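Both complexes shown next keep chain A, but they swap its partner, so chain B is in the first and chain C is in the second.
Up next, the complex of A and B:
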């Protein structure tokens, strides 16, 4: 039986990332990943700052990766989770890798397959939280209800609308922004 | 003879460090474990709750323990990977004995024990009881810490027992005892949530205590402001409202200058000072001339920033001051701690909700391990080994004559110096790797080579143990029951998940058998770890660290109990000093007059650059465990020399260039990492690596006169570019450097 908790959401605040890599190591523990992390932590520019940033799949409402897939290997389910390409359909063409505005899917060479975060479907479908958000020590990654988030971070607001030029992308995953923000403008050069 | 029995390369080939990686196909049995054991991480003082998955007496993975109140499932990369210390190819599975020219060979427990006992007896009858010393460590549980203290004093009958807490937080312990009469974090971390000002002094929280970040961020989420004092822009300093990039070794000047401003602007709690403290006048007198100009000159922090810190700290209604090794690892570590405590006492913000003060204890059981007697001057319950009343009480608990209880021995670094001088001839060590973790380690190596007999107990052959005559295979954290006390003062249960593999034994059973063979068996009759804990409860009763009211069941029922807990119906004490009854003889908190003095070594024309050392998030202490876990090694493969681009340019040093770093103690090469996140007069090297990659070849042996902590955090060095770039980091073998 699927025990996916529809009242819980993913909230990401890259500014809180301390670069510890606990999320990557915990993600890699998942057997379906074969010890490869589906979440990525990188320095912004270590010369100037210890600031790191973290990226998981944003699980778009209208996922570009799925739209550009010629093999119809990528599907979004009833809970809004955009799954990794089906192994029996993926032809490793890298269309999704090139199309994703967040740079999430990766072509994994030895297997010649696209792999990406599926929001720990084995855990979330059993009512658990994704591994990365469970272990994250700084709250850069949080999984829970909107009410919990509002209570814990009264000066931030979740945003799930991203503006890339003329295009707006809505996602299932939220980014925490200063209170009152409604969208994140990634690129306003139309 | 404790020189290496064979080349270090051949010892490493046999005993590691080698790297353990999880299998890509997963570990069999993880989906259907036989048991899910709720315990704690084996690493730092946060003691995060974690669930270990067990199958067929193997640890096959972990699950976050979301119900445990401190970390609620959160973990750092070390916690995530900790299970990989199990089933490790380097694990010692039987006693081994040195064979000169060959290395180490397996031996049986009987011959090993017989030889150890006969060597102890030979050395002690020839040179006196104190010529055989013991070194211990605070990754051990409370039970084992207590047992080591009792073992050394009444089985080994030596006064020379000390522990690696000596290079952890002893300055904080000594400062807390002077100011409060008791050594524990005054508050638990939930008091951070609504602190208006959080001041973090010399602690790289996000790398060394990553899960504490959550609690500090909570204060910020609720509108609080953060001050961070650190020579480097660490990940937590990046998020600070005010970062004071202090010149290493000048801490007490900064806190003195802030106190000067609190006095000048009357940001003081006069009622608290008058009714609950002493010696405020002495504290005032000491800082009377510490104006902003003076402070800027000494500390290298801009006067405006110091003033801003005073303006933030002074008038706040609530606050929490945290410090750690950054101010404690100094030849004036105790002064630095007391200067911080002065700021807390002057504003009276202690013993109330969201008004806190704490040292962040570094090691897994750094708190409990420093309370129950494996420290050279201490008896259980944080009693004083030179106090006649304390001696009488413990002698009675142990069933010995008080005259047979040894007195105060040497501290860890002094003990190695005494070995070097030839005064101590024999050594037994457990849970301590001084060849990597003590400063000036050329002296440490020479000392080890002079030992007539050395026996080490460990689960891996650490770098120091390579010098041993016999190594006994002890137990991992998850192979024995017990308790630990977290940095908050919360006593938690360490649960046994599996039995030791092969012929390895539990640390406890090894010590009990040795005690028996040394003729002291009658004092060491325990069936279980709980038996030892129950004796510890009695031994601690009436001491400042009173565990009498804590039972295994009570810990289980409450997910931990905060000491002091003097009776079974007592709920424990999460927040100290609510009653304003301090544990000093006069019942008041004590200010101290702290006059600034320079560090033990200052820069000069020959050694013009300040060297400071510290840790990285993926490694733990001397790396005995974490340099054997593949992904942790890959995350930060080799120690780098962090250097400001301006200093680098003045010396012609390029990024990734191999740089020769020299001090009066030694010299070594490290790749340069050019970053603007460090002071221009200071370089930083993390210390987790051995051999030629060891930062502690360079550090100084200056000790604090009170706490005897070594001055790891500041010395003088010179830098010379070598002209060649270091090989790519992924080619580095620093984790097994010789």
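Up next, the complex of A and C:
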């Protein structure tokens, strides 16, 4: 089993995040991202609640980060993985940082380089699961088949359609929503 | 799209693009070979007129070499003082890919370091390796203690 498992998908449930930062630690273990975490744990509103939320790259079907890149440093491969910026091409212009609707790409200032989650391509391309999904203790991050997910979460539906005003963004990564949901309306203010 | 973000699309070479590339490259090569052939016809090869002074016999020890050029040409030559006391003059460009050759007195061979071509230092003949022709040589004439070179007799047969 040393090829990309096309039957497996990423399922993310930010509500289940308990803020343990295990995913960040696991992500930073990897030297391909300069031992920096490419997954971000955010505090929703720290004054009122300890609730945290987790964000990985959603790997959009039509990645806006790649489309705004003036140096063609970001590319999408045949498995739908939107790769991190090529080090020899990225000019650190931050276009992608501003364009991403999920706030995923980050410009790493000391290196003048954008780095983002590439769904652990070195692992997933060899049939392994992403680091963060292997360490998450609460099921906020899960990597596996759709059937496995349906068995574990019978009352939830994976959704990969996000509505930003009039624009719909389809992603490769799924987010877990209450059963029957078809899309996540992030912003309906037009 | 000129710069597709899709890796599959970016790496894809269409039949039309490949055919265009083939036509351009083979066309370029055909034009280049034509140019080389025409240049060879219209520009006569350089010939040394008469005898040209190189150096004194005392300037080159046995087993030693003396590089020189002839006025009017940029082709590098080497004068070799062989172990048996005689002198030879060869073009210093390997007949394979024009690397500079050097004389190895221990084996009485001229060696090209690029692809390990070897020439006989006494005759210039190819002993081993990729060179297709012997090294072009000049005739060495010694008057008293002065060394002169001239075009070898019957040089039209020479390559």
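Methods note: the second predicted complex is superposed on the first by the 188 of 190 C-alpha atoms of A that agree within 3 Å, B and C clash if a C-alpha of one lies under 4 Å from a C-alpha of the other, contacts with A are read in each partner's own complex, and residues count from 1 in each chain.
Everything below uses one rule, namely that contacts are C-beta pairs under 8 Å (C-beta built on N, C-alpha and C of every residue); 3 or more make two chains touch, one makes a residue touch a chain.
Because the structure is a prediction, the values reported are computed rather than measured.
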Partner chain in contact with A:18 - chain B first, chain C second, else both or neither: first
Touching partner for A:63 - first (chain B), second (chain C), both, neither: second
Contacts of A:92 with chain B and chain C, given as first, second, both or neither: neither
First, second, both or neither for A:136, with chain B first and chain C second: first
Superposed model, chain A: greater residue contact from chain B or chain C: B
Which of chain B and chain C A:48 touches, first, second, both or neither: first
Which superposed partner A:154 touches (first chain B, second chain C, both, neither): first
First (chain B), second (chain C), both or neither touched by A:76: second
In the complex, chain A residues that touch chain B: 15-16, 18-22, 24-26, 28-29, 31, 34-35, 46-52, 129, 131, 134-139, 152-156
Contact footprint of chain A on chain C as seen in their complex: 3, 5-8, 10
Interface residues, chain B side, partner chain A - complex: 21-26, 30-31, 61-62, 64, 66, 71, 73-77, 79-81, 206-207, 210-211, 213-214, 217-218, 221-223, 233-236, 238-239, 617-618, 631, 635, 645, 673-677
Residues of chain A touching chain C in the complex: 63, 66-67, 69, 72, 74-78, 83
